[in-house]
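Pasting the structures here.
Two complexes, one shared chain (subunit A), two partners (subunit B, subunit C).
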Partner chain A sequence: MLRFIAQRLFAALITIWIATIAVTLLIHLVPGDPVRIMYAGFQTTEAEIEAIRQRLGLDQPVWRQYFMYLGRVLQGDLGHSIVGSQPVLDTLLQRFPATLALTVSALIIAVVVGGTLGFFAAYRRGTVWDFGAMTLAIVGVSMPHFWLGLLLLFLFSMTLGWLPVGGSGWRNLILPALTLGLATGAVIARLTRSAMIDIFDQDFVRTAHAKGLPKTLVLYRHALRSGLVPIVSMLGLQFAYLMGGAIVIENVFAWNGVGRLAIQAVFARDYPLIQGFILFFATVVALVSVIIDVTYALLDPRIRYGT
Partner chain B sequence: MSAPAEPLAAEARVAPRRVLWALLRSPSGAVGLAIVLLLIVVALLAPAIAPYDPYRMASGPRLAAPSWDHWMGTDQLGRDVFSRVVYGSRLTLMIGTIAVGISLTAGLLLGLIAGYAGGWPERILMRLVDVVFSFTEIVIALACLAILGVGLINAMIAIGIASIPFYARITHSVVLVEKNKPYFEAAIAAGASHLRLIFLHLLPNVIPTLIVVGTLGVSTAVLAAAGLSFLGLGAQPPQPEWGFMLSSSRDLISRAPWMMIFPGLAIAITVLGFNLLGDGVREVLDPRQRAR
Partner chain C sequence: MKVRKTLALPSRATLLGSAFVMAGLPAMAGGDLIWARYGDIDSLDPHRATSTLSMQVWDQIYDTLLAFDEDGVARPNLAESWEVSEDGLSYTFTLQEGVICHDGTAFGAEDVKFTIDRAFGDNPSLTRTSWGPITGVEVVDDLVVTVSLDSTFGAFLPFLADSFSSIVCASNADATDFGTRTAIGTGPFKLVSWVQGDEAVLERNDDYRNFGKPVENAGPVHIDRLIVRTIPEPQTRLAALRTGEAHIAEPPFDDIPDIQASDELNLVVAENTGQNVFWQYTVSRAPFDDIRARQAVAHATDPEMAIEIVYGGTNQREWCPIAAGVFGNDQEFCAQYGYPYDPDRARELLAEMGYGPGNPLETTMYVWTGGNRHILAEIFQAQLADVGIQASIEIMDIGTMNARVREDNERTGTDAPGTFNMMTWGWYDPDILFALWHQGGAYAGYQSDELDAMLELTRELTDEDARLAAVQDVIRYLMTNAIHVGLYTPGWEWIFALRPEVEGFKVGAFLHPMFQDVRLTD
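== the complex of A and B ==
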């Protein structure tokens, strides 16, 4: 098991390492002079532009810049943002709890709603219930997240007046979490249904039924338990998508997480902040996928011993 | 990219006309095809269908509710929402085709080459693809936009690039299956050249899977582009792009909900159409799915 964890951690480190290369190259792929683009909105003289270029190390050869960047990243220094010149890491860490609260609550909603829907659709396969649940799921998959957000905002905040429109308290978290959770729940419902159908068709479930075990016992002890394995395995990817979805949803609800920060950074062409965000995002997603892989291995011994 | 597409069986290769018939008989395929055709017709005939010029301000009073004159109401500049939604279909189809075109072509080539080459080039290439894939499409698209700058064309390119890893993975997985089949080994034994093996033997067998994935991919691309435009990173004023129309509706939600409802509905119906069509094509091409 330790070997398995070590392997997953190593893979995560490779991902993060490639991300550091990617963000260094990013600034070099910008057509034109990145310094001038970044400071387009500021009054700067030629001498100042040169000074900034030197401070950012952009006058050095690329490989040298890369090692300088890597060295600073290893010391926890992601540079300073152009707008407001704040330390990038501090800014990201300050905003991250909001994003984490949003994604984790959305994940819980998604798993509960999507899992239940998919499970019962598979259990009642071929019936009206199945058809209804899957119609709901495909409509959910087809709706843009932000539109669902606007609809919920219109319904709960504007029309019914139950929830606030924007802000940072826990009551303000309900709508964004619900939006992101329901949207992801639709995907999870579809995946759960096909995973459970595969399980229901397997011999051990049929044997359990044939032995005359009570239906609910077979359902919960045999089918659901093995159904959890494929479902947990897809949560890693779903979490990455949730983090991605949060970028848009945070902007709908003016929720001050890292996603909102990232969009502002792209608008302002604040390259140190964009670089920091991408590296941060890649790190979080990589570490979460390690956690999910380990959980997966705990559930399914075949994974642990197979590698 | 919600549904994990599995490589289709080789039996998937059936005559196009039979595919069309089977598609029309599967409920999701028929509905999906109808929606997509409707969208194409609306886009082609936009000037004939739209009652007003989508760019003309003060076509009616500002923020007028839906009425006989303005079926979907008017926006804050007095532009006719219905006409803008109709013209928006052109942009949406363009986004879908261009973005999927980019990612499909590049992903297909990468997957074919990696799968055919095998050994360490394959390992390195696919490992890299996996890593980039884990960054998620929205972040790759944001990075591309940070490089290229905002705008609708750049957003299409960004979405196209962002989905390359997805198509590369699928192509690669199909190639791995095909490579071990007798016909392929026979072709190698017959002394076929590398190019011949890749383009005459592997490519035709990858295509059916990629048709399914590409159709589903249009819906993902449309959603992503609408999302970027909603954030203000894609379409710019005064383009009648649906995602962008939604972003200008946000602050007027309580005064003019129609500005928010109709463009969103248009996106959802379009995406639903491509999703159903993709599901339908999969059912038709994959006998294993049909048995269910």
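== the complex of A and C ==
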């Protein structure tokens, strides 16, 4: 098992390393002089522009810029933001708990709603219930996050007046988590349905029924446990998807997480902050993938022994 | 020549929609007023940011030596009076007595010195060139301070009324977190907290006295707290306004007609914002190195019609290269040298250059994101196509556009056609023209020694009449050479939607929101 964890961690490190290359190149891919773009609107003289270029190492060859950046990253230094001159890592860490709260709540909603709906649709396969549940799932998958968010806002905040529109605090978390969770729940519902249909057709389930075990016991102990394996493996991917969705949703609901920070950084052309965000985001997604993989291996011994 | 400083509109803040004054309703003292905006402050340090969003919050925390009156003229404020030496190189300010900083220390000459020294210190202010050629600040006594200049500077006094010159109390010197958690000033509100990206909470400064701001209330504000919240999504902002979670917010553009038609919310449209939207061109190469191409674009486009379609009655045609309300702006004067909508004249100019049916002038129009400017650009694109100019549109953020325009001007040795752009600037003084068009200026655009000399004169002259004549010479030059062709004003970030219980909110000249008279009614 330790070897398996080490392998997964190594793969995650490779991903993060590739991200460091991508963020260094990023600054050179955008048309226009990055220093002028960053400092547009400021009363900066030519000499100062040159000094900034030197300070950021942008006067160096790209490969040297990369190693300078890597060296700083390894020491935990992601630089300072252009706007407000704040340490990038501190700013990201300050906002991350809000994003984590949002994505974890959304994941719980997605698993509970999507799992139940998928299980139910598989159990009632071919009926109008199955059709209804899957239509709902297709709508959920197809609808853009921000649109669903605005609809929920209209219903729960403006029409019913039950929930606040935006801001911080646990009541403000409900709508964004629901928006993000329902969209992901739709994906999980479809996945659960197909996984459960496969399981229901398996011999061991038929045998369990044939042994005369109570129906509920067969469904929950035999079928559901086996059906969970592919679903858990999907959760890693879904988490990355949720983190991406959080960027949009945080903006819609004014939820003060890293996603919204990223959008602010993009609009402010704050390169160090954008670079820091991408690297941070990649690291979180890579580490969560490791955790999911390990959980998967715990659930299904075949994975960890490579069989 | 009469200087036109105000727009021909009925009042400073035009009220649209329903009747605004809630006559007969009892006004509550106190209460929290929530102001929702699309973005946050960059810094609470007035030397570390340049955005309007930051400036509008500094206004609440700090005060300035001078203050703009309703017409945008700088009047005494924290400085009760001043004297200028005969050579115009030294200004001695006498400060108001009894003003107290938020931490309880007495405000005085040391605070003025601290602010200016800091603006020119090791980590100078981002807008330090706007302070002018200051060489030193001397404290004469507790309430008298002398500022010395290297050369005369006509835009010095107007700058002292702008938020970039906000006076920062010397007691901030010891704070390591100045600009984020500490911000001690003498303004109407004290900083309670600021969660970056989320909200800034300000509370009433009970010691505040107003000396020069154009408001009725000379004492502390009526409300208890001002909460400045960031809600980036326009529809969410509007929802917050409608549910009462916010009292003041910028509404989404597309919803403005609905808001005007309903009596649910009120609109305040700021005037004299100092904002100017204009055409400028890559003059370093073809086709816009030829004045006829620049004039053809100007004649082929009809800003009056375009802004009417996109903004209804909330924007005005602007002929001058500086905004309405700014010293030197005079519509009649500028219109003489302007380019009225005349597609036939545009076709003639293009024909002279060898363009015509089957051989259109091909170019690219840069526009920056937001404010429905992309719709304006499409209207202009259609108008240009009508005379034989094929302009593709590139939309980018303002920072990228600033950088791209400069690069386009500096790029030589290419066959790619020059571009033109719908540029925007907001400033309180014609000194902006120096920043834009003097050699080494913002965009490395049109440059000539003749223009440089004219621009230098606008900075050096301090006599109002002489400076006005110099500014108008520059305007005439920029317009007759089709270098800077005014389109419309105000520009952006100038509409505020208010809940009906908000009374007394106004926006002063150059986009300074004022909460001194604000009350929340029951």
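Everything that follows uses one rule, which is that the second predicted complex is superposed on the first by the 306 of 307 C-alpha atoms of A that agree within 3 Å, B and C clash if a C-alpha of one lies under 4 Å from a C-alpha of the other, contacts with A are read in each partner's own complex, and residues count from 1 in each chain.
What we mean here is this: contacts are C-beta pairs under 8 Å (C-beta built on N, C-alpha and C of every residue); 3 or more make two chains touch, one makes a residue touch a chain.
For clarity, every value in this text was computed on a predicted model and none was experimentally measured.
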{"item": "Side-by-side fit of subunit B and subunit C on subunit A, or clash", "value": "clash"}
{"item": "Subunit B versus subunit C as contact partner of A:Arg269, first or second or both or neither", "value": "both"}
{"item": "First (subunit B), second (subunit C), both or neither touched by A:Met158", "value": "both"}
{"item": "Touching partner for A:Val83 - first (subunit B), second (subunit C), both, neither", "value": "second"}
{"item": "Partner chain(s) touched by A:Arg36 [first = subunit B, second = subunit C, both, neither]", "value": "second"}
{"item": "First, second, both or neither for A:Glu46, with subunit B first and subunit C second", "value": "second"}
{"item": "Partner chain(s) touched by A:Ile247 [first = subunit B, second = subunit C, both, neither]", "value": "first"}
{"item": "Partner chain in contact with A:Arg95 - subunit B first, subunit C second, else both or neither", "value": "second"}
{"item": "Which superposed partner A:Leu13 touches (first subunit B, second subunit C, both, neither)", "value": "neither"}
{"item": "Which of subunit B and subunit C A:Trp147 touches, first, second, both or neither", "value": "first"}
{"item": "Residues of subunit A at both interfaces, subunit B in one complex, subunit C in the other", "value": "30-31, 146, 150, 153-154, 158, 251-252, 263, 267, 269"}
{"item": "Residue ranges of subunit A touching subunit C (in the complex, touch as defined)", "value": "30-33, 36-38, 40-44, 46, 83-86, 91, 94-95, 146, 150, 153-154, 157-158, 161, 164-168, 251-254, 256, 260-261, 263-264, 267-269"}
{"item": "Touching residues on subunit A, where the partner in the complex is subunit B", "value": "14-15, 18-19, 22, 26, 29-31, 138-139, 141-147, 150-151, 153-154, 158, 187, 190-191, 197, 240-241, 243-245, 247-248, 251-252, 262-263, 265-267, 269, 271, 274, 278, 281-282, 285-286, 289"}
{"item": "Of all residues in subunit C, those that touch subunit A in their complex", "value": "39-40, 42-43, 48-50, 126-130, 179-180, 195-199, 229-233, 235-236, 239-240, 242-243, 245, 397-400, 402-404, 406-407, 435, 440"}
{"item": "Subunit B to subunit A touching residues, read off their complex", "value": "2-4, 127-128, 131-132, 134-139, 142-143, 145-150, 219, 223, 226-227, 230-233, 243, 246, 249-250, 253-254, 257, 260-261, 264, 267-269, 271-272, 275-276, 279, 292"}
